[in-house]
Every structure is written in structure tokens, then in C-alpha cells.
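Next, two complexes with chain A in common: one pairs it with chain B, the other with chain C.
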Partner chain A sequence: MPEKRTEKIEHYVAPLDETPLHATDNVAEDVQPLSLWAEAWRNLRKQPLFIISTILIVLIVFVALFPGVFTQTPPNQNCLLANSDGDPVPGHPMGFTLQGCDVFSRIIYGTQASLTVGIFATLGALIIGGTLGAIAGFYGGWLDSVIARLGDVFFALPLILGAIIIMQLPFFRENRNVWTVVITLTVFGWPQIARITRGAVLSVRNADFVTAARSLGVSRPAALVRHVIPNSLAPVIVVATVNLGIFIVAEATLSFLGIGLPPDVMSWGNDISSAQVSLRSNPSTLLWPAAALSVTVLSFIMLGDALRDALDPKARKR
Partner chain B sequence: MTWYIIRRFLQMIPVFFGATFLVYFLVFSLPGDPIQALFGDRPVNEAVAAQLREQYNLDEPFLVQYFLYLKNLVTFNLGNDFSGRPVAEVLVQIFPVTIRLAILALIFEAVFGIIFGVVAGLRKGKLFDGTVLVASLIVIAIPIFVLGFVMQFVVGVKLGWAKPTVGGDAGWLDLILPAIVLGLVSFAYVLRLTRTSIIENMHADYVRTATAKGLSRQRVVVVHILRNSMIPVVTFLGADLGALMGGAIVTEGIFNVPGVGQRLYQSVLRGEGPTIVSIVSVLVMVYILANLLVDVLYAWLDPRIRYA
Partner chain C sequence: MTVINEVNSNEPLLEVRDLAISFTTSTGEVQAVKDAHLTVMPGETVAIVGESGSGKSTTALAAIGLLPGNGRVSGGRITFAGEDLTGASSKRIVELRGSSIGMVPQDPMSNLNPVWKIGFQVRETLKANGLPAGPSDVAKVLAEAGLPDAERRARQFPHEFSGGMRQRALIAIGLSCRPRLLIADEPTSALDVTVQRQILDHLETMTAELGTAVLLITHDLGLAAERARKVVVMYKGRVVESGPAHAILTNPRHPYTKRLVEAAPSLASRRIQSAKAAGIETGELLAPAEASAETADNVIEVSNLTKVFKLRGGFGKTTNFKAVDDVSFAIKRGTTTAVVGESGSGKSTVARMVLNLEDPTSGKIRFDGVDMGSLKGKELLAFRRRVQPIFQDPYGSLDPMYNIFRTIEEPLRVHNIGDKKSREAKVRRLLDQVALPASVMRRFPNELSGGQRQRIAIARALALDPEVVICDEAVSALDVLVQDQILNLLADLQHELGLSYLFITHDLAVVRQIADHVCVMEKGRVVEAGTTDAVFDEPGQEYTRALLAAIPGSSLELPPEVA
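Now for the complex of A and B:
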């Protein structure tokens, strides 16, 4: 082991005649290497894409939790038909809907439903898809084949198509609320997460640290949970973040078709859907909730993109 | 290669049965008695109802119904829908429309997505690249029905460049606007995928070798970078063909295209089991065959992949 040097080395590649040769590869040996996540965090802090999307998401979550902070107008009371399709006036910056309700206030209060659907559908897909994908990748064999075929079956049905059929089932038709939409999106969202998880687990399964853990007597399930899964989370989290945005769009699409959230639940999808009749006379009632939805979805997709750049060492080099 | 195709073909079978069974199961536990619905407000004529139930095998246990259906499917005897029209006739009428729509959308997303993606990828970090990237994210973030409404209003009504609603007999030209709306989101995905793939391959060793051999930049880009970058793009496009056909429900609704999506939506609302299952079975077959085609294309595109 070379003698520890005290002076700070500015450049790793130094002019050879000035610097003793060993200094060139004497890269601070006493410093602990950063973990994948710590290094990613160091990268992320400097990325404008990450900063913007995080600020937006924090704001959106805050709006969903405390809508009363942002608007004094209750969304469903004081709807005067005299205001039907009205233009913006002071205190009502985005005008009125066909029913004479305040558009801005409805958007603020609609945040909750859209975000809840997105977050819980993503969690559901992560739990089911992540578990099945990890088991398939780690144990392989017939379990892998069965789970892969099962995923293919759900994959072969397009999301909207499957959702239409599920939402017509008696249970779903009678209890139409946020949670039935969450279940529907989970049922058709898990195969993608399962595929990604399986791939990530496969690439980690035979790593040295897993072999080491196993030879120290760690059982297979314990090795999977403690060593393999934490090290294969990165790509799964990236996809899940992007999917959160896509689930919000899917909820809006289902509500638009009249089989998502019931009309009395305030959500952006319902607002867009009910605004379509007045698109030609008063396009702003459709465009404002659509804009709110798009900005939310965009923030999640941007966050996913930033995470992918930070977590993929291959992409970072360039 | 032949063996590989045969193996993949055999793997398709359980997926096909699984998917049709899933749909059959969901459809035939739908609420409401479709036979009763046929009578509307009038009292049900029990003799007629019983005959109809027998004709559609609705009096058999569920599993028997499913196998009878499969038997009919294999013999192309798809039966009649509840208004008495043969399902096969309905399929012949609606599928060409949606196939045209999906092909136009696929051409749109492939051509423009690959062109924009290649240019953006070759100019990574430049203004064009940044603009295209942001624009593609915005397209992904806007729900397809909002895009549809806005395009219909702006292009169809305000500018008058295309028919806002298609209706009756849908020709190729009428379907261009709906196809663009249908393909827009996938266009953004194709663009981003192509761009990433190009950037990844630009620094590959074989590209350096090709340049070092003295090949022209054009040849390096077209023959070496592009061909290898197309592998993930082709996968996506193949899988997307099925998704486009099944996902056309919203677009067909907005532009009033008499295709699969619209018919399927109506059938679900009416509880027309046989029609739903027939349509979905064909869609699933299209999806699986498209994926098989993609796997075969792989071997042609990437000389490293050879199937034993």
C-alpha cells in the first residue's frame, strides 16, 4: 500500500515529469465509494429538469392535500346558471363551466382524485408486478414461464379495452369510486413492472455479493429480499414514476368514456369530459383542466427521465 | 430459425387461450340478462327467450359455453349477434376500417418518429434536440381525447382541411386526421426511443471501426448506426400495432369512425358477449402475430442475434 499523500490532487492525469507516477492512480483510497443512490442524488441536485419537476410535484401534492388554501370559492356551491360558460371576472380567473361553477376552484379540488388514482395504481402495480417479477427472475424455471405467460395474457389486452370490460362487472358498476379505478389500472399495469423487475433481478442474481451472501449461509428468500431486490430497484422506480403520469391520463380517459370515476366525483377527467359540449363556444373550460392534468403528468414523466439519467451509469458518461 | 418460429408459435397458444378465456369470463359475468334486454319494456316471451338462450348457449354452464365458443371459433362459425346479424359479417365490415386507421397511424408514427429521432440523436444537445424532446414530452402528457378534440376543432372545423367526422364509408383520405391523432402519442415514444438508441450506438466500437475504414459519414450513419438503432424501435412498433387497433376506441368515438373500437364499446354497453369475444379474439391474434413478426425481424436487423 502506497504511502498516504497529504497534498490535494487536482487532476488525476498529471504531466508525468512534474508528478511522481504513483500519484496518477492514487485516487483517494480512504474515501468510501458512494452508493448508487448517493451518487445519483449528487447528480440530481444539479439537474434543472429534476428541480423543476420536484417543485411542481410538491406543489401539486400540497394542492391535493389542502385545496382550501388555494381558493376561497367552494367548488360546487354558488354555481349560478346565470354565470353559465361565463368569461373570467375578478375572483374567478378561469371563468365558469356550463353549470356556472368556478373553473379554477374545480381544478384545485379535482387534484385530489386524479393524484390518488395515479399514486395508488402505481403502488398496486409495484407491489404485484414487483413481487411476481422478482420471484420469476430469481427462481427461474417453471415459475418464470408461468408468470411470463400470465403477464403476456394481460399484455395482449390493451389497457383501455380491458378497463372497459372490467368496469362493467357488477361489483365495479355498483361501487364506482376512486378505488375501483385504482384496482382496474393495477390489474392491467402490473405486467410491465413485472417484466422490468424480472430483467433487473436477472442481471443482479448472479452478482458476487449475492454468491457471497449465500455462501455465508443466507437463505435464498433472504438473499432475494435483502440483497437482490435493493440492488435492482433503480430501473423499476424509473418506470413506475413515468407510469404514475400515464395512470393519471388513463383515469381521465376512462372518465371521459363515462366508465371511470362517477360524475359526482370532482376530477380533471370528469371536468374535461363535461366540457366537451361547450368546446366550440367556450374552449377554456376544457383547456384549463386539460392543462392542469398535462402539467401534472409532465412533472412525473420529467422526474422519471431525470431519475433514469442519474441512475444509469452508462447514460451518465456521455 | 424455423425451429425458433415453431417454438414461438407454440408459446402463443397458451397466451391466446388465456386472453380469450379472461375476456370470456369477464364478459359472461356481466350484469343484466341480455335476452331480457332484447325485449325492452314488453313482457318476456318465455318460449322465444328459451330458444334464444339455447341458440347462444347461454343455458349451458360457463365452461361449456367457453368450449363451445372455441369450437365455433376454430370452425369460423361465429354465430349471430343479438340483433341477428352474423358476427363474421360484422367483423368483415368493421375490421378493414380499423386496419386502415392503424396502418396510417403506424406509418405516420414510424416515418416522422424515426426521422425526427435520428436528426435529434445526431445533434444531441443542440437546440433542435432540446425542442423536439420537450415537444414529445408534452404530447405524451396530454390525454388523447384532448388532442382529438383540439385537432378536430382546429383542423376540421376552423381550417376546414379535413372532415371533422368520418361517418359512413371511411376511405383512406378521410382517415388521415384520426390516424394522426391516434398515432401522436406513439410518435413521441418512437422519436424518443430512436433518439436514445442512436446516441447509444454513435459511440459503439463498430461505428468507430467503420469510420476508421474510411467510409463516408452518410454510409456510417445509414448502414451502421441506423440499422442497429432500429432494433428497439421495431419492437415498439410491432407491439404498437395491436395497441393501436385496440386503443382506437377514443379516437373512433371522437371522429365517428365506424370501426372496431366504436363497435366494441357499443357491444360492451349492450352486453353482447359473442361480438365482444370475437372482436377481442381477433385483436389478441393480431397482437400476438405482430410480436412474432418482430422477433423474426430481429434476426434480420441484428446480425449478432441468431436463433438456433
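Now for the complex of A and C:
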């Protein structure tokens, strides 16, 4: 250790063998290449939140696709009033509804409607909101103002109030099915996706790599599709995943209010609604579909949370 | 520079011995600093020099206990005025901060709280250290830091201050409690050179008057040598060399320091010759660019270029702002023309107009004799092939979703050149030209360093065999050694491919190294233009002289073999 307490400044040189000089800016050649998605996947597969929510979602999707695997009892037939509000018996683990139908079977078959509404409403909102938001953010100007104001109009209407009005329109009233509910939810769901997409596109559109692409001769629409949108996807996917859960709740709410799916379609919302009357005598008919709804929604929201952490650009190494 | 000889001037004020600092990250323990040692005597200015990631800021932050949450001192000792700080309680360190050790942070734009008035922020510091904090005390502190009209300024908000004034306010806060040691972490790296010089001059006189010792952290060896008596060079978390500033500059002994001294643009005074050109044509004294300059034609001619931006005023009124005012210059084929100016001089707007990303309000840009304003559709696309940009920020100019192969291949695909096989061969050749192994093809930008990304950006710009490359601050974000490497690469490529460069930069030292011709811009106008040698040796304008004098290290007298 050099002694430096004197007035004269010591000229210290570190021993060379301890401080080897590396080539300036050399490339490490033995590293695995990783794209954003590959890196996100690496982070995700170690996260308990992601693992649990994915297992649940896979299970729910499987139930929706193949309800017959889980129950032999048809949900709507063989409802014997003798079984009305009956307790669980072997073969009917969750008991019976007021009408004497098997609760377990109704929940299994109800998965399909809930999931269909959730997935298609999310897709619809993604396509409409994503397109409009990307165009608004990328081109700006009057187009942006028009789309933003249009979105604000739908944003300002409460979902339930708006849905009540739409579902009362003659066309919707006469053709109530899964698709009318999907359309209604899409109409009120797209502005949020549009806002998120617009914000993400705005932050990317002035990036140097977009300018670079433009000066290489890439046209504006091509730059939007090839560079801007792929880089804006992450926050949109996160919000869409969370929205999927919210749309499922919204469907249940509408069905509960009697303006969603028609009563002959098996749906958790309908079942919760019809279980109201026997809440005091047989609360389990209300609890089981409510639990199914909660678990489904929770797993989508958990997945959204896990995705948000994994896709956070700040968490990326540079 | 100035040493106040106090009674205990033989006792070091700050002593760092065998310091080791490690960070806990997701990939495990990372050793950021190892065996670092430095000594600051009372009233002495010591500079730590190093590239980004060398551990220079970490070392200084450890001295005031401001390491980020995942960092910790894992070994060694930090002694301040005889007191061991590594074992001190956090209460004691908080006591020392401000009153005994002050700090001037790096970025004046983000280090003042935008919702509080400047005066309030100074008063906060005075109060926290138990000093009188009346309005007159606040004004006094600000006035000392060189803020004119301090009393009125104290009532203003940070957004009403320019970058230089904010830095003065931060210096005022740092020195307000008369600390015995001031840690200045790159205090001027975000400022223009002339402002940087003013601030550093002022900091120097102030600390000399107060007898404050300064620990100056910088990446600029020239600046360190000019401002400090003692220089500590750090490399990869270790101190590789330390000693008197002059000795380190003139007689660097560690290979890293040698490399640093050679590469420091502020100390160089010669145009970089292509290594290959120099090797082959040793007998030829003239640079190839200069030799051809006599006969070469102008590849780009800019005449009377003006750009007016409309700024929105109140009540729907607009005011006109002339960003570029009557600018004319020409780029001779195969040479480099630099446009140099401080922030707001309009140099980047010129670059954007030459790239046809912005339409000029008036004036003409001729490319190969063709007026660019008349280009439409196909001709425009053809023009885009022949003029290519390289941008400043190597982190922003590559699409993070594209791997390197796709990034470089994109221009070829857009212009439908070749088939899949020939494109891949071309990408390999381009990577080879920018001295990168072909193995990086499947990597993504986030896995490469800043310098490597800039090479990729150069390779992409060269994919279409352009004639002109426009470098907008292309090396400003890079470390000195990497910057030197890239500048040499650009010189080599110019020699090999006969490229013409338009080099936009704020850094006169870089201009000296790369340019044949230079235009000095101030407030939208070209104030001086000529060959680089002429402008640097006999600047005709006051402004140019001020810019040249402000290059850190320009006042150092060095033996010719170094300078």
C-alpha cells in the first residue's frame, strides 16, 4: 500500500497481473441469444403466481372444451323437483338447485359461456381498440382527436347502464345469445385498450429506430406495423389479460340482472341470479357458481400481474 | 489546484483503503469495486477518472453512505477526518452529509424537485443542518454560486432555470453548509462546453476560498487533469493508477492509462488517419481525403437553408422561431464535414432536413446536383438509399424486437435486393466490415454494449452502399476508448468505401479527430466555416475561440508526443 501522507503525491501503478487489460468492447461469444419474449418466458416460468394461474386457466379451458369429461349428468334435464334444494349426495357433490338440477353439472357446463364471452369480448376490444389506438397514436393530429373523443364518449357511459340500453334494443332483445353479449362488452371495452395502445405507440413512435427505419425507405404504415406495434404490445397484452377476467364478471353481472345471456344458456351469472331466492335455505347453490366465477377471474388477473412483471422494460438488462 | 495549508494538512481528510463493494443482483453477487484506495487531503482536488461501469461513482457514493439498496461495502475502510465511516451508524452518516460532506449530482435536469421553488430547496438544506435559513441567507448562498439577482431567482421554479443555472443552484446547495469535502459526480457532463467551463471555474474559485476539498468524478481525462492536482484512474472496479495529474498525462505507466491518454479526444490534435491508409501510403503526407478534395465534386450542397418552427403562444397566436437561419455549406465527395454547435444551435435540424425527414421552410439542398425538394415517390426512395443516418443513442436506434440479422437485413428487404442467401452473405460481410463476429447475428440489441450497437447501426447504414452517411452525435454517448474505436472505424470505412460524412456534434475535440471541414453554428446561423485546420489554428470569430478554449484539457501544456 503506497504511503501518501506526504506533501509529494505518490505515483501509484496497480500491479499488472492483478488488473489485466481486456480488449476494448469485446463481444462475449458464448452467450445464448434471447428475444424479449424468450427472456420474459425465462422469468415467468420461475414465478409461482404465473405457474398457479396458468394451471388454473388450462384447467378452466379444458373444462369449457370438454365438459362431458367431468360430469355425466346433463345440466338441464333430469331435474327432479323432488331433489329441489337437495343436499349433496353421491354422484351430485354440490347438491341441487331449487329446480332440482345438479349444481356441479351446471357449473361445469356454465364454464363454456363465461369463457367464450370473456375471450371473444377481449379479442373484439383488442382488434377495435388496438387498431384505433395505434392509428391515433402514430398519426396524431385530427385523427387522434376524433378517436380520443369518440373513446371518451364510450368511456363516460357506465358499462351496466350502457349495456342495459343496448340489450333493450329490438335486435338485441330478440336475439339474445352469447354473441350479443360479446358485442355489447366490446362496444364498451375498446376505449380502454385504445388508450393503452395509443400511449404505448406514442412512446415508441419517436424512437430513433423508427426514424432509422423511415430513412432506410420503410413507409409510414410499414414502420407502424413492423416496428411500432411489436414494441407497444407488452402493456396491451397485460391489460387485455386483466380485462378478460373483468369481461367474465361483466357477463355474469348482466346475466344476473336478466339482460345478459338468456336463461336457457348455462351461465354462472344466471345461476347466481336464480340462486338468490334460496339464499337463506340453501346458500350453497349461490356459493358454488360464485366460487367458480371468482377463481376464473382471479386466475386471469394473476396472470396479468405476472405478465406485467415479466414484460416490464425497466426490468430488462440493457 | 489550490492547497490551503491548514494545521492538520498532513492528515488526510478522506481516506479509502482496500475498499470492496458488492451488489446483490438476480444473477448473484457482483463485485463492483475491489481494492480501491484513494486519499483526499484537506483543500485538495482529486479526480476519479474511468469509463462507465468502472466503479468511480460507486466508490464516491459509498463515502456518504448512498449506495443503492442492493449494494454494500464488503471490505476495506473509509475514513473521514480520522473517523471510520464503514462502521458508523446511519444516524452519524446523516449528520455528516451536507455539513461535512456535500454532494453535487450529475443531472441538473432531474435533481431539483420541480414542484418547489429554488429558494425552498436551499432553505431545506440549511435547516436540515441547523444553519440560519432566512431569505437573506438563502440569497447569499445562491449569489455565492454565481447566480445573478439571487433574491428574485430564489423565488423561481426549476423549470425557469437553464441547465447551467440549475447546476449552479445544485452547487449552491452542495456548498451551502460549508462542507469540508465536496463530491461532484460528473457535475457538468450534461452541459455545453462553454457553460461547463464557467461552472467549473466558479466551483474552483469557490472551493479554493472556502478551503473545501473536492472529489471530482469524471469520464474525461483532459478535464480531470485540468481541474485536479491528483488523478485516480479506475478500470473495472479497481484503481489502476493514481498520482499527480501531470505525471499521469505525460507518463502513464499502466497500459489502460496509456490507452486512455492516447484515445482522449480532448488531448488529440490530429485527424484520425485510416490505419490501412497510413500503413500503405506511409510516404504520402497528405491525407487521402485532402488530396482528392481539390478535384472532388460536391456530393451535397446546402444553400440558404432556413427552417422556421411555429411555436404556440396564448390565445391561438403563434410565434415564429427560426431554428435554422440561412445556412449554406457543401460536402465534398469522400470527405467529412462537421457541423458543430451547442444545444439549440439548430445543427440537428440541419441533419434532419438533409435526411429529408423535415421540410425546409426555404433554401435548397442539392444532392449530386439534383434539388431534393423536387423528389417524389420512387426518386425519393432512391435518394434514401444513397444517404443514411447514424444516430446518437445506441440504445434507442435499434429495434429491441429485431435480432441483429433482421436489423441489418431490413434495408435490403425493403429495397428488394437479392434473395435470402445473398442477403445473408451481405449481412456477414457488413458485420465483418464493422469488426463484429458473425455470431452476433442471432443476438438481440439488449445483449450488446453501446459501442457494439453503434457498430450494428453503422453496418445497417452501410447495407445499401450509400454515398453519404449522416452521423448525428454518433459517438457522444460512448466511452472514450469505444468512441476512439468507432471514430477509427469510420475513418477506415471512409478510406475503403469512399464515403462522405456529415458529422453533427457538440464536441469540438471529436471534430478535430474526424473532420476535414467544419461549420460552426450559433443560434441557427453558421458563424464560421472552413477547413478544420484553419478553424482550429486561427479561429476568426470570438464564439469559435470561446468554444475552443472551453475544450477541457486545451489549456494543458503537454509535450508534443502526447498532444
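What we mean here is this: the second predicted complex is superposed on the first by the 282 of 318 C-alpha atoms of A that agree within 3 Å, B and C clash if a C-alpha of one lies under 4 Å from a C-alpha of the other, contacts with A are read in each partner's own complex, and residues count from 1 in each chain.
Convention: a contact is a pair of C-beta atoms (placed from the backbone, for glycine too) under 8 Å apart; a residue touches a chain by one contact, two chains touch by 3 or more.
Since this is a predicted model, take the numbers as computed values, not measurements.
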Of the two partner chains, chain B (first) and chain C (second), which one does A:Arg280 touch, if any: first, second, both, or neither?
first
One more residue to check, A:His227. First (chain B), second (chain C), both or neither?
second
Using the superposition on chain A described above, determine whether A:Leu36 touches chain B (first), chain C (second), both, or neither.
second
Thinking of the overlay built on chain A, is A:Val201 touched by chain B (first), by chain C (second), by both, or by neither?
neither
Considering only touches as defined above, state whether A:Val187 meets chain B (first), chain C (second), both or neither.
neither
Just to be sure I read the superposition right, which of the two partners does A:Leu157 touch: chain B = first, chain C = second, or both, or neither?
first
Quick check for you: in the superposed arrangement, does A:Gln168 touch first (chain B), second (chain C), both or neither?
first
Return first, second, both or neither, reflecting whether A:Ser215 touches chain B, chain C, both chains, or no partner chain.
second
Taking the contacts chain A makes with chain B in one complex and with chain C in the other, which residues are shared?
318
Interfacial residue positions of chain A with respect to chain B in the complex
149-150, 152-154, 156-161, 164-166, 168-170, 173, 245, 249, 252-253, 256-257, 269, 272, 276, 279-280, 283, 286, 290, 293-295, 297-298, 301-302, 305, 318
Which bits of chain B are touching chain A when the two form their complex?
11, 14-15, 18-19, 22-23, 26-27, 29-31, 137-138, 140-146, 149, 153, 157, 199, 203, 242-243, 246-247, 249-250, 253, 264-265, 268-269, 271, 276, 280, 283-284, 287-288
Chain A-facing residues of chain C, complex
10-12, 17-18, 35, 37, 39, 229-230, 235-236, 238-244, 247-248, 253-256, 259, 355-357, 381, 384-385, 387-389, 391-393, 395-401, 403, 410-411, 414-415, 436-437, 439-440, 442-444, 446-449, 451-452, 457, 460, 464, 481-482, 485
Residue ranges of chain A touching chain C (in the complex, touch as defined):
1, 4-7, 9-14, 16, 18-19, 21-22, 24-25, 27, 29, 31, 33-36, 207-209, 211-218, 222, 227, 230-231, 316-318
